[in-house]
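Both complexes below contain chain A, partnered by chain B and then by chain C.
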Partner chain A sequence: MQGNSLRRRSIAGLPAGSGGALPALTLVGLFFIVPVVALLLRSVTDPEPGLQNYAALFGSGTYVRVFLNTFLVAAVVTVVTIIVAFPVAWMLAIMPPALGSIVFGIIILSMWTNLLTRTYAWMVLLQRTGVINRALMGLGIIHEPLPLINNLTGVTIGMVYIMLPFMILPLVGTLRAIDAMTLRAAALCGASPLQAFRRILLPLSLPGIAAGGLMVFVMSLGYFVTPALLGGTSNMMLAEMIAQTVQSLLNWGLGSAAAFVLLVVTMALYAIQLRMVGARRLGGGL
Partner chain B sequence: MKLILAGVLAGLLAATAAKADEMVFTSWGGTTQEAQTKSWAEPFAASSGIKVLQDGPTDYGKLKAMVDAKNVTWDVVDVEMDFAIKAAKDGLLEPIDFAAVPKADLDPRFSNEHAVGSFYYSFVLAWNKGAVSGEPTSWADMFDTKKFPGKRTFYKWSAPGVIEIALLADGVPADKLYPLDLDRAFKKLDTIKSDIVWWGGGAESQQLIASGEAAFGQLWNGRVFALEKDGADVGVSWNQNLTAADVLVVPKGAKNKDSAMKFLATATSPSGQAKFAEASGYAPINTKAKAEMAADVVKGLPDAHVDGQINLDMNYWAEHRDEIATRWYAWQTK
Partner chain C sequence: MTRPFLSIRAVRKAFGAFVAVHDVTIDVPKGEFLTFLGPSGSGKSTTLYAIAGFQDPTSGDVLLEDKSLLAVPSHRRNIGMVFQRYTLFPHLSVAENVAFPLRVRGRPDSEVRRKVADMLALVRLESFAGRYPGALSGGQQQRVALARALAYDPPILLMDEPLSALDKKLRQEIQAEIRRIHRETGVTILYVTHDQEEALHLSDRIALFKEGRIEQIGTGEDLYLRPASEFVAGFIGNSNFLTAEHLETENGTAVVRLADGSIIKGVKATHALGHGQKARLMVRPEAFRLMPAPGNASLAVEIVDTAFFGDRRRVVARTGSGEEIDVRPTSDTAEPGDADSASGQQIFFDPAAAFLFPA
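Presenting the complex of A and B:
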């Protein structure tokens, strides 16, 4: 959240020419703009000047497939995260503040635990000889282990778990800002709880859903560790493919091109989102 | 822009580079690097006074980046031999100074102008005895899901091994493996694709077999050796074992080249090789090393299993590395 307020300040400071934004701009320039430009240059100069890396990228069935798969996984993860996060966020929003801050603390705590450790923990739980399969087989519910790992199911479970806080936090902000009286008014006018949810709560919480959903989607697009460990090769995501291209094939040009395309797509999505939701509401939701 | 970035990176890297009486050795981590530290780095530091800093794991992308940026912080690196041949061609390696590294007793299969052998190993067929009934005896059994049901685990990356295994299982005679018939290999691999679990590193292969998560696997013999030492209930078949080698290289522009060459002399010496082989179960590349080893250790080494042994063709792989890798990842992600 801090990163976002920083960004907002630097953007707001830019037209005014405020000197206070200079350190932030230098930081962004040095650690963001310069590497991105270097990346772009590499993709059109390595091994020789030209667009051959991009031609290879879009001409290769492998890369196109991995691209599509990356978007599919990110979309599935985003949708499932929203569905799981909404009730949690709603509960947090209506809870007494003291209790709410404890639950909040627990959610935040999970973010402080090492990502790799958490992913390995899921491996132990999900594998064929893992806790879940053993328990279900012990209870006689299943006779063959369920395929929970090395596939889309494994990636989705692992990534939704990691993404939840990023969805819950903006959602709680939005939900808390909704006047509870609107729901009571809906009930008084004869709306069923489902109707109240669909016609009042859901539309009013859209900015939070959009903000959180976008963040989850964009973060998912570039994820490496969790898909690499919990997914199978047939649903490989782009980050892993880029790592292989650079590390194993030593093809930095092609890897840079793939990374650059991912960046452009991500930025485009962000721009569309800003336009749809409106920058101020998006920021307010956060 | 690029210059600024390179300058910043160079500054950061320089801050971590080794001092004059130090050098950096990079390998793959885990039990293998521990054995290399004990058998090579510690005796070398004691006799030469040069401190050997350990880094890892080996990363070919990083190695190339260091050489390209002319800021090389690794002095000796353990790499796969097919990579070494390709890297030498691409100008990424220093030539070995054979005035400092005695060459006479080194197995010529694993040394060339830019690399000396580190150790050599075999891919063997290993299985979890609790998860398998009967004894698989050939790679063909790993493709026979009726006779031997269960998940099988193979090396995930494009490297010498799995393609050859598929061809052998499909009935290609060992002396007709090269040039590799990739279409035939992938067709054979397709028949068991949904039963394959990939392992990306040695520790993962051990975990998969020891837990029974995969019933069978293509494993490095040293990793099976370590499992047996730990008392895991594993079976192993050396039939059609496939040998390949790791080699030690000095990246172009290494800062402590002279120390690196001296280190190579210790690492490839008969005693250095003997100690490492005893600790790891991998075979020595110095022909005099076996005289210094216990007889029961020698019995367990890859070169005690030459019957039906097949040498993976590193030169073929070095030449076709990229082409095979492109096909490999295209098939894997399908």
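Presenting the complex of A and C:
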């Protein structure tokens, strides 16, 4: 009886026991695939069939500027996150495991804390009369408050902080896999610490940087809360624009088109990364 | 007196309360192949790391041509090193790995190309220049590592158990390569191993480490034929230790009584021992004979096992007090039937070829 039913499942091409995955698959199907398809349909049918929404999106200087700004912010955030995360990841990789897991825990803990709370905290810290500006003025380092909020600086600070764990985690994995003896060998070969970093450590950690960097970049592209609260009106990002288009202007067609473009860009980037990682593996270098 | 090329002076390395290396002093002449031999944890690698600059000694000094190396960071010491683990750069080709030390020194391309070709020829891997380390066997990787370490003509080459990850046949092959490369380049080599056969095969001199100290330093022959202690005798070559009691010493030879009550006369007295002091008599397996010779001492034994290996035979004998003896008579004394005639229950050895150590 049971053997029979097992065989039937394997005929269907699914391994036995995959019935348990059904609820999750249903969720993804109903609440992700269906909406995405609906989104695509809406972008080419609302208010009337045709590509006019896309034409409006790419034809208007305002929207193109929002696109460019979105990519600019995501790129800046990604680069800064990589630079900030690398030393942390390196420290975690070479730490004694017991101590490392404590620091790791603290980093993970920050991911569990409410995003909105953390972003509001940054608002308090970064504003004109915030702790940072007052401290710097109190120390006599500056005389005028620095513009740290409602601009690219504010968005970058807030987003880098949010994104750090997503960069650190894959990077630690890659760095831990690098044998410390390889770096000692590089030193004895005559490489200065800077040369060893540039010629050995950096190339060897590229897979981790690529994985983390892409994750951060893609997440940043569609980020809403932090840019909305810490950014300025002059550098609006795509997610915020979509929200405004739909909520204030009730232009569902245009909002759908913008969301769909974002989705396509994200998936294209993911495909590129898959190819890069695959090619590296095939190359046999790592 | 000529100054030593490399001088390790009273190097001491402590990790907290644990002292890994106790005041090790060695002078190494240019071009020598010196091996640090010893069990794991005996301080041989720590001493090597002090020369490499990975661990600063707690006290003492390391001088190369009279200049202290200690203040010089690893990357300016200009020392070559081959490691126990494979440390080739996985993202660089074989040729680029060998070129690496020259590139970081900013040498011109033409020189780099010529030198890489020379080095790959030296380790006989010319046809592997374009491969990546992941596509090489362990032995090939270590040969590339050797080429990389020699590419910049370092005055000293350090080798930290470079063959320990390889199987026995490959090890012997690469040992022969290392000997040839030492002959051809004349580079001074400091080699760390725990394998006494490897040490005997490769080295001009061996420094035998025990618990952070040098127990004895000398040629392989010195250590084998004139071991300074029971530890040396036990570590180098095969040896039988028999429980003994020292009776008296006269004219440089000692008389001992073994556990089975037999009296052995004419043993070389290398240590001052008192009457009745407990001692250990060491006899090499190949020093035993199955037939008596003039001046030989004899032992009453029971033959437990005998095996024939073609070029030699091996006999396991047991003394009256139950101590097992490994007997490997050299071929000239091992004639067919010898083992049978030994069922007369006696084996023989030259007492002058035995060693007496305090227990």
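Here, the second predicted complex is superposed on the first by the 250 of 286 C-alpha atoms of A that agree within 3 Å, B and C clash if a C-alpha of one lies under 4 Å from a C-alpha of the other, contacts with A are read in each partner's own complex, and residues count from 1 in each chain.
As a convention for this text, a contact is a pair of C-beta atoms (placed from the backbone, for glycine too) under 8 Å apart; a residue touches a chain by one contact, two chains touch by 3 or more.
Since this is a predicted model, take the numbers as computed values, not measurements.
When the two complexes are overlaid on chain A, chain B and chain C sit side by side with no clash.
In the superposed pair of complexes, A:101 makes contact with neither chain B nor chain C.
When the shared chain is aligned, chain C comes close enough to touch A:191, but chain B does not.
By the touch criterion defined above, A:26 lies against neither chain B nor chain C after alignment on the C-alpha atoms of chain A. Once chain A of one complex is fitted onto chain A of the other, the partner contacts of A:129 are limited to chain B, with no touch recorded for chain C. Once the two complexes are overlaid on the shared chain, A:179 sits against chain C while remaining clear of chain B.
Contact with neither chain B nor chain C is seen for A:113 once the two complexes are overlaid on the shared chain.
More residues of chain A lie in contact with B than with the other chain of the pair chain B and chain C.
The least CA distance from chain B to chain C in the superposed model is 45 Å. Contact residues on chain A toward chain C in their complex (touch as defined above): 179, 181-182, 184-193, 195-196, 199-200, 203-204, 283-286.
Taken together, the chain A residues at the contact with chain B in this complex read 30, 34-35, 37-38, 41, 60-62, 65-66, 69, 127-129, 150, 228, 232-234, 236, 241, 244, 246-252.
On the side of chain C, the complex with chain A involves touching residues 52-54, 73-81, 83, 85, 87-91, 100-101, 103-105, 132, 134-135, 145, 148-149, 152.
The part of chain B that touches chain A in the complex is made up of residues 1-2, 4-5, 8, 59-62, 64, 90, 151, 156-158, 197-198, 200, 211-213, 322, 325-326, 329-330, 332-334.
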